[in-house]
Amino acid sequence: MRKSLIISVLAVFVLFSLSLVGCSSKEKLYVLNWGKYMNPDLIDKFETENNVKVVYEEVGSNEEMEIKLKQGITDYDIMIPSEYMIDKLSQEDLLLPINYSLLTNLEEVDFFEDAKVLYENEDFGQYLIPYFFGTVGIMYNTSNPNVKTALESDNGGFCTLFDVNNDFRVALYDSPRDTIGAALMCLGYSVNSNNDAELGEAEDLIEAALAKSLGSIRFGQDDLKGDVAKGNLDLALVYSGDYFEMVFEYEAEETDIEFDYFAPNHTNIWIDAFVIPNTSKNTDLAHKFINFFLDLDNAAENADWVGYTPVISEVYNVMVNDYGYDYDHYYPQPEGSSREVFMYLGSEHAQKLNTILNAVRIS
Amino acid sequence: MKKNIYGSSLQVFLTAFTFLIVYLPILVIILISIHGSQYNYDSFKLTFKWYREIINDQQLVDAIIVTLQIAVLATTISTMLGTTFAIGIHSLKKKNRVRMMVLNNVPVVNPDIVTGIMLFIIFRFFRMTFGFPTMLLAHIFFALPFVILSVLPKLKQLDSNLFDAALDLGATKFQAIVRVIIPSIKVGMIAGALIAFTMSIDDFIISYFMKQGEFHNVSTLIYSRLAKRQISSNVFAYNSLVVVLTIGMMILFNSLNQTQKKVRG
Amino acid sequence: MKSLRRLIYPYIAWLTVLIIIPFLFIVLATISTFHIFNSYTFRFTFDSLRFLTDPIFLNAFKNSIKFAGITTLICLTVGYPVAYFFANMKSKNKTLYVALLIVPIWSNMIVRIIAWENVFKPVSILNLFNLSFDMIGSDIAIIIAMVSMYLPFMIFPIYAVLDKMDHGYIEASRDLGANAFQSFYKVTLPLSLGGIVSGIIMTLLPAMTAFALPERIGGGTTILLGNLIEKEIFRGSFSIAATVSFVVMVVMLSLFMLIVRFDKEGETLL
Amino acid sequence: MLIYYLIFCLEDKLKKLIEIEGLTKSFDDTLVLKSIDLYIRENEFITLLGPSGCGKTTLLRILAGFESKDSGIVKFDGNIIDDMPPHERPINTVFQKYALFPHLDVFNNIAFGLKLKKIPKDEIEKAVKDALKLVKLEGFESRNIKTLSGGQQQRVAIARAVVNKPRLLLLDEPLAALDLKLRQDMQYELKEMQRALGITFVFVTHDQEEALTMSDTVVVMNEGEILQIGTPQDIYNEPKNRFIASFIGESNIIPGIMLKDYLVKFEGYEFECVDKGFKKDAEIEVVLRPEDIELKPANGGINGVVTDIIFKGVHYEIIVDVNGREYIIHSTDPQLVGNKVSLSFDKEDIHVMLR
């Protein structure tokens, strides 16, 4: 009797161990990306051209991307994180250098200045190929004219988010880097500040804002843009591309647009880029994938679908000239503005920011 | 006996409250699914375009198929296994049976998130590929105890000699179970299967820990979309469809039952 | 049927692999550096237990108790009379009415949560009726949504017990001189305790560990134990997630002991 | 030559179908069968009689193969059948609550065993028809089990067992659930059926009347032991001990002394009797059946006073007090309470057993 019990336990073990064998014969490319950040038609096209299967997974934040990679449940071939995460991953030796000889389309394209900064970075430039770039800014609902006035006032910009004297319904980003970054920029410090006094000031600013008696303040993710557009929020911290995405959606449904995007003079530029993590089992195919999106036609089609600013200047020109895009509206680097790029400042810094955001939330 | 009027009117009020609070989200879902605009609520515009939009949303269609596949497979397997295990548990002596049932009921009481983590840990430990197989195993796991719980009372009601009678008449143990015990506990098995199906279709939390990559069931798909954008109205349309179908089926079964009772007198 | 005992061995094996071993892993992860993703180093440490005194955990624990407690209390106060009402109903459609409470469960939970989220936002489908609420992030909104989600789970076990109860008990107590209130208080209520305990467990535990609901309705500012677990396991420390899970399991097991006292074979759990 | 032939025939006719030696069985440290020795002859109607919990049902279940034994030998037709699973044994059982399959109709219940043996359809139909005829339920084929009365269910259960033509039919208190009238009818019918079919019946009951009415052989059991095996007459008239005497029928049991063979002394008097073989002056008990005692007007001998009289239909039950001991007497003649009477009985009616 005991014996048959032990055999049963063993049988269940064996059953589980056996079930890990996958099935599909097609070559697979595992891609980890943000939501709505790549034209699915192009993925289909890539699949047919190369007779492979692209397994495409979406995440909501850079940190989630990092955890997914480290969990090792899936061996990703391609990821598209932001600059500071690339910095971090490269410091942790989790990325493979790009083999430029496999990227035949690279010669055909020129990157924008800001993207070049990243691409030519001594520390981690060899691991990435830029994808899109943009600013962090504020999306606001135009039905309340006071919001626009407040944003454009001397004391406006990012400070409007934290102003306890207005009755706006505000939303911040559920990400330490962005929200604390906005607070730092409001206070006139660098987004890359690692100064405890400065960070303390930022913490106080957010904490005070959360306790405000007028209006309301909450945290959210990429879904905040929808609420601003609808009028459930007066203003929210967003990425520049969010605005265009909403514009497209509203135009498709022929609904009146009552929202706009505001990029403060001092803000940070984000750049997302292709990287090949060291979990990749199929680096050749991963390079083919990157090369595919460096093709001018593909890149244009993709940029049109995604709505963010393309890093390739040829594509930018095509978008503005042929597709009729009004990029002036949120061109990341207009004359006379001050822009910063997030840097990775070590896990201690990341932990510090995390603690600050958690602390203000429970206070 | 005098009827306590206050008592019963309070009960009616609370029952009405219950239906209101439980059905309010359902009504909102249905309303959204037939309203023409996803952004503008100034005036009502009746439309059924969101219902057509269900099939244009390939991701959603895939997720619906996955949900149904998992639900059907998990229901079938857990009903078969659960019945077998219930028969085994029933044959135990009282003390061991109680011990076994305590173990059986742990997953029933365990919060889904902890069950999810436990399964996540063990599947990870075995280096299993997350996706269809793990989600199926997980659904079988949480459905099994419910099947056992609904089959066991039916077994207790059986004449204790039924199994022996079948053996006596020349049936092997297997034949006795298949030809005598199972037909006699059919009702419990159907109830168990229904619970298993409902739970599988509705599950979000445990599935959330079992998914991987683009592999989604409806719940995890919607949740993953939530963080990124507004949920488009075709999801509400799909959900309304499920609710309307369920209510329809229930009323149909109920009236069938009524007529059957009448015929039998 | 004694020879059929062998049929449970696979089940014992299954439960061992899927409950007992993972439970041991969780315990191990709380008291050591054990990690399912990379178990390179192993030593005993109580670092993650220190998290139990962290303000973040205490806040989440307090919130969980508060919201789950209030929700359970409301569900019990509303659910018991409703279950009693259904159990004593004489309609031939009785089962249909009870079954109608299951229908919303068939509708996807996440979609129902989004529906509530919509209701609590100023610009929502309710504007069609000139109604508008601005309640996202408020405690009341979370509690209303929780009651809506978990009320049926309180009603079903109590209904099951009351429905099966022999009406003769009540008649006997009336016969022996109890008035309506006394016979309810002294006979019906004690006899339905098993159902009440099951109902409380089926409401309290899921409410304590919910994460999608507080995240959506709470506007990102209310954190429950569920949010903590979900956040830590996917975006943070496995050992902290395990520690919080362990706390939840301790609460679960102590409540479970209560069930076992009333109902050894868990018949009221269905 | 002829004698040899007769012995041969007799041997054949009375061949032992079941042989049990030293059979022991316990559940959870409780011994329920204590070294049972028993044989059952072909074509015999044997009854296991005893109070509930005496082990008779366990013995039956071991024969059927539902329980395993702890030790001892069980032979069927001369072969040990320990490893033979129930479905291979040519033995069928009629269960206490019939255990009819609720999801099958009468026909399919009866045909159940035959279908498993893959017997051709027309043969099954014929066999079921015959079986129904045997139990007098012709035309009940398509009836739902739940619509049958207790007696009808009983008959279906019997038909379901005998249709398989078992060598041995086990009946586990099959009449317990029936009302009195039906029970008496069924007793008669069962006996008839056994004769007609020529199958060995092992009948388990706690009802002594049933046992005495139907059986060829009665096996009295108590607390896992066999107390006495014999014909109904033997058991009734010559109970081996007090337990059997009081379990089987009502009796007056009086302590006494066996003075010598054929002479017993009790209630202060010496009586001639037909018993012998006891030790001189052995302490014994005397069994006097109530119907064997006659009441006469008081004279010498055992005298007493009538204290109670109850009308029982066929007879009166009269209680007589003799020096503080109560005697039960069955008589067709009434007595008045307070009458002084004398007890009288024949020497054949005195049954002596060891104390």
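As written, the chain order gives the labels A, B, C and D, with residue 1 at the start of each chain.
Criterion: a contact is a pair of C-beta atoms (placed from the backbone, for glycine too) under 8 Å apart; a residue touches a chain by one contact, two chains touch by 3 or more.
Being a predicted model, the structure only gives us computed values, none of them experimental.
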- prompt: In this assembly, which chains make contact with chain A and also with chain D?
  reply: B
Field: Identity of the most central chain, Cα criterion
entry: B
Task: Work out the mean Cα position per chain and let me know which chain is farthest from chain A.
output: D
- prompt: So which one's got more C-beta contacts, A-B or B-C?
  reply: B-C
- request: Please compute the C-alpha centroid of chain C, do the same for chain D, then give the distance between them in whole Å.
  value: 59
Query: Which whole number of Å gives the spacing of the CA centres of chain A and chain B?
result: 37
Query: CA centre of chain B versus CA centre of chain C: separation in Å?
result: 16
Field: Euclidean distance of C-alpha centroids - chain B vs chain D, Å
entry: 55
- request: Send over the residues of chain B in touch with two or more other chains.
  value: 122, 124, 164, 173, 226
- line: Listed in rising order, chain D residues that touch 2 or more other chains are none
Task: Two or more other chains in contact with one residue: find those residues in chain C.
output: 2, 6, 9-10, 12, 14, 17, 37, 123-124
Chains touching one another, given as label pairs in label order: A-B, A-C, B-C, B-D
- prompt: What residues of chain A sit close enough to touch chain C in their complex?
  reply: 4-5, 7-13, 16, 61, 63-64, 67-68, 70-72, 169, 174, 210, 216, 218-220, 227, 230-232, 358-359, 361-362
- request: Please give the residue numbers of chain B that touch chain D in the complex, ascending.
  value: 159, 161-162, 164-173, 175, 179-180, 183-184, 186
- line: Within the complex, chain B is touched by chain A residues 13, 16-17, 19-22, 30, 34-36, 55-58, 60, 73-74, 221-223, 225-226, 229-230, 245, 249-250, 253, 255-256
Query: If you look only at chain C, which of its residues touch chain B in the complex?
result: 1-12, 14-15, 17-19, 21-23, 25-26, 36-37, 78-79, 81-82, 84-86, 92-93, 95-96, 99-116, 118-119, 123-128, 144, 147-148, 151-152, 155, 174, 180, 201-202, 205-206, 208-209, 211-212, 216, 226, 229-230, 233, 241-242, 245, 248-249, 252, 255-256, 259-260, 264-267, 269-270
Statement: The answer for chain C against chain A in the complex is residues 6, 9-10, 12-14, 16-17, 37, 55-56, 59, 121-124, 134, 136-137, 219-221, 223, 234-236
